[in-house]
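Chain naming follows the written order as A, B, C, D and E, and within any one chain the residues start at number 1.
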Amino acid sequence: MDVLPYLVAGWVFLAGCYGLATSRNLIHAVGCLSVCQAGTYVLLLAVGYRDGGTAPVFSDLKPGTRPVVDPVVQALALTDVVVGATVTALLLALVVQVAKRHGTVDPDELGELRG
Amino acid sequence: MHHLIPLLVAVPLLGAGLLVAGGRRLPRPAAETVACAVSGGTAALALVLLLNSSPPMVEWVGGWRPVDGFSVGIVVLGDGPGLGMAALASLLTLAALVYSWHYFDEPPRRHAGSFPALMLLFQAGMCGFAIAGDLFNAFVYFELMSVVAYALTGYRIDEPRAVQGALTFAVVNSLGAYALLMGIGLLYGRTGELAMTRIGRALDAHGAPDALVLAAFVLVLTGLLVKSAAVPFHFWLPDAHAVAPTPVCMLLSGVMVELGVYGVWRVYGTVFAGPGGVPAPDAQRALLVLGALTAAVGAVMCWYQRHIKRLLAYSTVAHTGLFLVGIGVLKPEADDGTALYVLGHAGVKAALFALAGILLDRYGSLDEHVLHGRARALKGVAAMFALAALGLAGLPPFGTALGKAVTEEAVGGPFTALYVAVSAVTAGAVLRVAARVFLGLGPKPRESAAYETTGSGERPETRQRLTRVPDTMTAVPAVLLAAAVAAGAAPGFAGVVADAVNTAGSGGVRVAVHWTRAGVLLGLLSALLATGLAALAVTRPALLSAPDRALPLRRLQSGHVGDYVAWLLVGAAVLGALALPGVLGG
Amino acid sequence: MNRRMRLCLVALGGAGLAALFTAAFLRLPAFGGDRHPYGDRAVRAALHRHTANTIASVNFDLRAFDTLGETSILFASVLGCVVLLRQARDEHRARPEPADVAPPVRRYALLVLPVAVLTGLYVVAHGQLSPGGGFQGGVVTATALHLLYLGADYHALERVRPLGAYEAGDALAVSAYVVTGLAAVLAGTAFLANTLLPYGTFNTLSSGGTVPLLNAAVGMEVACAVVVLLARFLDQAVEIEEDSGK
Amino acid sequence: MNGWLLAAAVVLTGGLGAALWGVATGPLRRRAVAQNLATVLAGSGLLLLAQGYDRPSYLDLALVLALLGPVGTLVFARLLADDLAADPPRARAATWATVGVAAATVAAVCAATGPGRAMGKLLVTGALLIGGNLIASRALSGGFGGVRGG
Amino acid sequence: MIAVALLLVAASATAAVATRDPARQALVLSVLGVVLAVLFTTLQAPDVGLSQLAVGAALTPLLLLLTVRKVRRRPRREEDPR
């Protein structure tokens, strides 16, 4: 249990990379990229966890009564989620244009930029 | 004064916001004037701050000054290199905006402000990254810069190549950014801090480096090296830079790639340089090997291109390799030289792209073979093109020459030869283009069905082909070239740069930087070699352009996203292997 | 490069990275550890500023500069999508045929729509108190508006969606965020300093100084941005067609 | 670990695990149904978790999921209509079983909270979760006739 | 509890990569989003969970599907030029 969360994060990241490299469809590749990013969220939040802790949100909790987990990584992960969503949107916009201009979304068939 | 540092980001952002909000009403000239004013204002601010940056300033955004040495806020740095890069980025943005005045075809209907707004956002991202002193903050602005760059690269949606290049660029760079974030996560897990200096100190306090430090080093560097297009992370760059609109190319090649190198320098110097970081010999080995490889691959590939912008893009790859070698030897003199080299290169390379853009808009092609002898009429452009090529080779008194000379002296041995050879080959390729296109020298090259990207089939970026070149489009490269010369020739400038770099990093050692006889001679040698190579290539094309020998190398550049991702993984693993010995020994 | 070769490269690089990851993870502090210096400082700082939700405090006060970057990334990518998904020269718009939606779905959509919008606004408004905030609430609100597309059809959605206004709203919200930051500079303190407004009573809607302001700006920005984003994609998927003979 | 968390673990392992299997394999229709069920099960799991951690503020997650989950499924049903119409999914038993789990969860958590504002929120969440699920699952199975057009 | 959620995340991420058809992948990704939100709740990060729900469960799959639809709707250049 001591390293399982980290290992899962690494696994998710590498699995996304594998999918990205072997993808036969650009839309699928974009999906894989968001899987890659899921790995980063898991790592960040796992790093900030504290045994027995709860969220540092004091609307229904008296400060100081329970140990709390690290809020900084949560803010980082939150930023990361937003960044991920926007990058995905932009990539998909590019995929739409690639499909329009090349008539395919298979990277094997895109052979214009070579050498 | 230090309260004004974050405004380098805030002002362009505000400008972009207002441009988009009012973009539906504003006529195009008004939008462009506003953009130029905002960008110029930011550049002025950066310069004013730069003049006041000795001693270096720091600013705690939100007023969260440290208590007992620890802060909860974000630190931004107001030191020479950071503000210098911000100023360079701002000035180049201004140049690109002026260049694109009356330049693009009709902007999207009712979105007159969107291109200038994107440029301002790009400027904000670059400035934010340059002044970041907090690792996660650096990541955020790194992403901002990347996101805008993707959108700008794909701006011409009618061009199949543009959208494909932008997509490749976006996928590879996003993956690199996520690797960087994984590295930040690891560092936070070990140290529990985010400010770079704090992380460095916490690593030192932890003791000798171990696998975690190595992994963090590899991941963070992977992210930054993808941006700076080091081999084998470089594949995206020619695909993207060759197809982006010309004003965007000026920014991408002139400063964005160099910001990646700057990031490596900054992060290594503040986070990993201590006893708890990566030992110097290992970092040196990693950077020198990758840098030399990048320079060599870039130069060879540059030589074989016929698509002019692609050729320039490879020359950027080659020069980035030289910069990496420069910072990789970890000597203060080399840092100073590299800083000067980056400044000079930015001027020269941006000017070259601007001139290539004129060719595209005047003749509707970027192919060296197709354009053979067709641009005889453009005398002034031809002169600037050749001059810029010589600047690229490092002809004194260009800033590139001074920077190169200083670095060559510092790196010593075989690397000096590498510097001379690489700058000569890339400049030779550019001179060859100049001789063929502007003078029509030599026989017209025969068409071959080789594995390559031709430059034909590119569409002009203006509404119609230009019949006469607007003054803005010629004035901008002229000013940029003059600035590149001034960077080398202006007395005292080099000393100021060196001082700023040394105060911020390099262990505080102060080094004097000036022209030396050996440096001048080496610069002349490079320029001479370049001219010779170009002359040989033009008069005896068969001798030097045997494509077969470089074919395996060229086949690697396959245009396939999956390949590039695979190379990224391999590159990260190689980086780890290169830096491994010291960690094992420690 | 063929597929087999690529697979070999991926295996090589992946194996190297996997080894590196594993070795590094074994050296990380054990999961659930008790050492979080920055986190503990942040909790103290947030309580000192009367912000009940520490994450909101980190986002909009301690590390508000990051959030500025984040919102501008969103802004930039929406602007990028608008530019990339514009109508190209060789395309025209085709009116989609009106959809024929089953009554239960329509009733569900129209019933849930106000609930969803209210929930979104609630999540935004309580950002500095309970989990949630401008970003989460903004996305919920924007997605909720698209219930109209599900419940009625594309035309109904277009009627409540003056895109220009949303684009302007997006841009103005970003500008408002920056202006709030600049106000602090004009007052002589640091950019984005949270010193202008009283911190209020702990655990009430107006607590936290500028946190609620920035939160609201982000909420508006995100809601507008997501609406514009989805509109562009819907446009492409439903309306824009390439000219024939392409 | 208290009883609530144990129950959540059971729901998540059994239910969400099965739904994951369903969504990852098989024909499109099965995947769509499984996606819908996964939403409901995760919603129940979130309710149980909020109760187990004794944090009423975590209920917001379940509420948002109950709102957005069915919307997502309806979008799938709309955009994949052509694929689904050829081969409409039927999963009555699984749907009702999941609804049963969700209803039982809501009832149990309500009983534990007692009357008050929190309970109102719970009931709204539960109603949205179950109602949305039923509508979405009928929309998927084409029970409303083909949805055509934009 | 955390272990359960972690294993679910690992499994659904693997499934998302292994699903090669983009429309089906969108379905798996939406489940991945929900499972991640559950994991974040168990890691005591409700804020992140909430945004993951909003983004992962609704927005990203929706964008993916719209792209799929656009790509499919456009005529293939060689086969049937409309």
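Miscellaneous remarks
Basically, a residue touches a chain if its C-beta (ideal position, glycine included) is under 8 Å from a C-beta of that chain, and two chains touch if they have at least 3 such contacts.
From a predicted model like this one, the values you see are computed outputs, not experimental measurements.
Of all chains in the assembly, those touching subunit A and also subunit C are B, D, E. With steps allowed only between chains in touch, the distance from subunit B over to subunit E comes to 2. Steps from subunit C to subunit D, taking the shortest chain of touch contacts, total 1.
Using the average of C-alpha coordinates as each chain's centre, B ends up farthest from subunit E. Between the chains B-C lie more C-beta contact pairs than between any other two chains. Averaging Cα atoms per chain gives one point for each, and the point farthest from that of subunit D is the centre of B. Chain A has its Cα centroid nearest to the centroid of all protein Cα atoms in the structure.
In terms of their C-alpha centroids, the spacing between subunit D and subunit E amounts to 16 Å.
Distance from the subunit B centre to the subunit C centre is 31 Å, each centre being the mean of its Cα atoms. Separating the centre of subunit A from that of subunit E, both taken as means of CA atoms, is a distance of 11 Å.
Annotation: 24 Å between the Cα-based centres of subunit A and subunit D. Contact with two or more other chains is made by residues 18-19, 26, 44-47, 49-51, 53-55, 58-59, 62-63, 66-70, 74, 77 of subunit E.
The multi-chain contact residues of subunit C, meaning those touching 2 or more other chains, are 6, 9-10, 14, 17, 21, 26, 28, 36, 38-39, 42, 53, 55, 63, 66, 69-70, 73, 76-77, 80-81, 84, 88, 123, 130-132, 135-136, 140, 143, 229, 233, 236, 242.
Residue positions 1, 4-5, 13, 17-18, 21-23, 30, 39, 46-49, 54-55, 57, 59-60, 68-69, 72-74, 76, 78-79, 82-83, 86-87, 89-90, 92, 94-97, 100 of subunit A are each in touch with at least two other chains. The complete set of chain-chain contacts reads A-B, A-C, A-D, A-E, B-C, C-D, C-E, D-E. The part of subunit A that touches subunit D in the complex is made up of residues 54-55, 57, 59-61. Listed in rising order, the residues of subunit D touching subunit A in the complex are 53, 55-58.
Of all residues in subunit C, only 3, 6-7, 9-10, 14, 17-18, 21-22, 25-26, 28, 30-34, 36, 38-39, 42-43, 46-47, 52-55, 57-59, 63, 66-67, 69-70, 73-74, 76-78, 80-81, 84-85, 88, 126, 129-131, 135, 202-203, 229, 232-233, 236, 242 touch subunit A in the complex they form. Considering their complex, residues 1, 4-5, 8, 11-12, 15, 18-19, 23-24, 26-28, 30-31, 34-35, 37-38, 41-42, 44, 46, 49-50, 53-54, 57-58, 61-62, 65-66, 68-69 of subunit E touch subunit D. Residues 1, 5, 8-9, 12-13, 16-17, 19-20, 23-24, 28, 31-32, 34-35, 38-39, 42, 45-46, 49-50, 53, 55, 57-58, 60-61, 64-65, 68-69, 71-72, 75-76, 79-80, 83 of subunit D are the ones that touch subunit E when the two sit in their complex.
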